[in-house]
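The structure follows.
By written order: A, B and C. Residues from 1 in each chain.
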Amino acid sequence: MEALLEFLTRFLTQFQSPTLAFLIGGILIAALGTKLEIPDAIYKFVVFMLLMRVGLDGGMSIREANLADMLLPAFFAILIGIVIVLIGRFTLALLPSVRTEDGIATAGLFGAVSGSTLAAAIVVMESEGIAYEHWAPALYPFMDIPALVMAIVLANLYLRRRDGSSEKVRIWPIVKESLQGSALSALLLGIAIGLFTRPENVFEGFYDPLFKGLLSVLMLVMGMEAYTRLNELRRVAHWYAVYAAVAPLVHGLIAFGLGYIAHVLTGFSPGGVVLLAVIAGSSSDISGPPTLRAGIPTANPSAYVGASTSVGTPVAIAIGIPLYIGLAQAVFGI
Amino acid sequence: MEALLEFLTRFLTQFQSPTLAFLIGGILIAALGTKLEIPDAIYKFVVFMLLMRVGLDGGMSIREANLADMLLPAFFAILIGIVIVLIGRFTLALLPSVRTEDGIATAGLFGAVSGSTLAAAIVVMESEGIAYEHWAPALYPFMDIPALVMAIVLANLYLRRRDGSSEKVRIWPIVKESLQGSALSALLLGIAIGLFTRPENVFEGFYDPLFKGLLSVLMLVMGMEAYTRLNELRRVAHWYAVYAAVAPLVHGLIAFGLGYIAHVLTGFSPGGVVLLAVIAGSSSDISGPPTLRAGIPTANPSAYVGASTSVGTPVAIAIGIPLYIGLAQAVFGI
Amino acid sequence: MEALLEFLTRFLTQFQSPTLAFLIGGILIAALGTKLEIPDAIYKFVVFMLLMRVGLDGGMSIREANLADMLLPAFFAILIGIVIVLIGRFTLALLPSVRTEDGIATAGLFGAVSGSTLAAAIVVMESEGIAYEHWAPALYPFMDIPALVMAIVLANLYLRRRDGSSEKVRIWPIVKESLQGSALSALLLGIAIGLFTRPENVFEGFYDPLFKGLLSVLMLVMGMEAYTRLNELRRVAHWYAVYAAVAPLVHGLIAFGLGYIAHVLTGFSPGGVVLLAVIAGSSSDISGPPTLRAGIPTANPSAYVGASTSVGTPVAIAIGIPLYIGLAQAVFGI
């Protein structure tokens, strides 16, 4: 009982963090009809800056990391990416008012990873002083790519069976398209530069100090975007809203459980477990949609983008991050 | 005599401040035909960053402020907003070569407030070490909204009488439109986040350190814009240029006088008096025009935007700010 | 032998510098088909920020500089600008598969100066602790303008003789167009503000700390751009690629030699010699092309822009800068 109370207190405290404040503020002013606009060029650049910072940090710490430590979490990341899509395939995509390919595409987007949500979690964890393996963000592609591949393959299998066509689904183009996406490009480039060169100066003097502040700008944009996209969500079946509200937390908790196993078996840190859960709970708003549009052209983007941007991401950030941190504090006593 | 000399010396010293240097530099290179361009996306973002910083600072200090101290300055702000429009109504708008509705709209714009000018004053004051109530920027809407409402009401009363129409002027849409403007949105959101959450980290690590530098960029843009808009001003009656050159200082000095009364009655700080004068002397370049365009559709934007951007704002910044600071130093001995 | 080995070691070490890492990273991810995009507004702003920083620094140090020290380097800068164009006129422009006016325009672009390359050299030198006269970047226009004027005059002389026309080439419009270009405007404005006002605060709190980081962003953009422009280069004669690979280093070494003479005669610092070589080795990607397009309208921009952006600039940065620094370390024992 006392533990639950403490958990709730800690959970609620986090609503005072600027990360959440800017997200909720963005939703509010958009709802009030603000004409404030963060230009798209700024938005794209902010995302680049955050992923480059996360990537550089990851790359520099992989240098000193024991690669064997990364194996189990990376395997779990792949597993989670696949399981998330399977869950969506056999829940959302089977519902009567949901077109099957739309449901599978949505599950793919929720299996894919959001760099912004990842960055938000890192800022919150660093301001709370929670340690984590700095290579953990490198788990991103291990979950992102299998989820997108899985969704596109499942959707095409379904469509082929339905239409009696026999076109083959080719996997490599999907993987390639994912890797070329702006978010993964920036993250992997950052990791490579961190790993092979000496970017400490530019990391400590530029990317790192601007990280927290730029995230606040991004959260504001995402809040405003979430409200704006609600219209798209309203045009599709209510089940998308239900899925988008519940799935991030279910996915995060599954990942938390697997992360816990990695903690017991290989000493994966509590902070790493939180990040794995955050990655699993996030849904891709930037890089995922174009890949899905190319891979499942008949699916309706309003369904998956609306669900992810206007409900999935706010839930993943505003409820997911405090939840997993609170859970880690309760479970690991950090 | 000696006091006057000291005042002049201090006044001239401020022309070496980077704030003015960038403003004047912008005017100069535009006059010389530069192809340098600060993209619009950057301009919008810089304005957002400055107002968010001012808002956060205001919000955090309202937490500890005695709200009663704000009452008299807020009342004076409302009064000044209304008086400025009345002055314009019975001077500029009555001149023979000035269309009455254009004159009233211009007066409304000069009664409305410029966030950029406010930010410039704060940077100058902070680098001169002049203390002020950090909630003073929250006076912005108290002057801005009454001025716009007053101008739109007066113009519509005039047009109705002239045209014999009997459409009613509705006040709430004007207030709402003002509050939704990008500048007020950013300022009020900043105040709310500063007041209700704990943004100290992101304020001290991001918004505050970038404040001075981003202002220099903004000043450059405003200088270039001022020169570019001169063409618009040339197309309308010369009285607009005269009004735009004189009105900011008249408005600022009226506000300085009322601020002095607040100083005597409730201990409003000398720095606060300067800010009140700066707010009164400023004219709105970003948020005011759309509201006026919607509220007085028959008024000619070239008249009011040209007057404000190319003469009013440079005068308010380059002459007004040093003038009120010099005056405060002379009057209050700071 | 040992000296050569040491030179090579130092040369190779610099490939770990983040400046080169981001440049090469940009080329790589563009070659891999990334969808990452640094918006054009950001690119323009970054260039402005870098040149403003270099300009402010230059202006502030000219205040304390002995102007007589600048005379010989400035004269050499003019000389180099002219010589570079003459070299191109009598090598590249005489080759059988090269249209004469295209060859001259290309030589003009390689004689003109790149602010980005200059900024890259400054960052590398400051992180290596190599001192230089901070007014050295002010040599930029002394080389840039004569080179562009020379190229446009030579091309027009050639075209007039060929076509039997007798239109006169007017020099002042070319000079004016160069000075109005975005890069020179920003640099000269920075120098003026640094020289005549007191921008120390805004320099130390904004322009300087962001310098290194923004350069890394610029290098990334330039790397991506270099790869993209390769297509244009492929469409023209191979000689352009050969010229673009060799000329920057030839020009840089000529300048290094003249800089050495200035070192012996007037004590021009080793760092200053390196910067003179970097300026000579650079080719203008931003400001040069519009001036050339206006001055030699019949020349094919694909030839000169492709050669400069996709080969010239990467060579000037990735090979030129380490080469001149290594040479300076060997020659001057710094």
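Quick note on the criterion: a residue touches a chain if its C-beta (ideal position, glycine included) is under 8 Å from a C-beta of that chain, and two chains touch if they have at least 3 such contacts.
All figures in this text were calculated on a predicted structure; none of them were measured in a lab.
In summary, the pair subunit A and subunit C forms a contact in which the copies contribute largely different residue numbers, shared numbers making up under half of all those used. A turn of 120° superposes the CA atoms of subunit A on those of subunit B, with the angle given to the nearest 5. As a whole-number value, the distance joining the C-alpha centres of subunit A and subunit C reads 42 Å. Multi-chain contact residues of subunit A, defined as those touching 2 or more other chains: 39-42, 210.
By the touch criterion stated above, subunit A contacts subunit C in their complex at residues 39-42, 44-45, 48, 176, 179-182, 185-186, 189, 192-193, 196-199, 201-202, 205-207, 210, 290.
Those residues of subunit B that touch subunit C in the shared complex are 15-18, 20-22, 25, 28-29, 32-42, 127, 209-210, 212-214, 216, 220.
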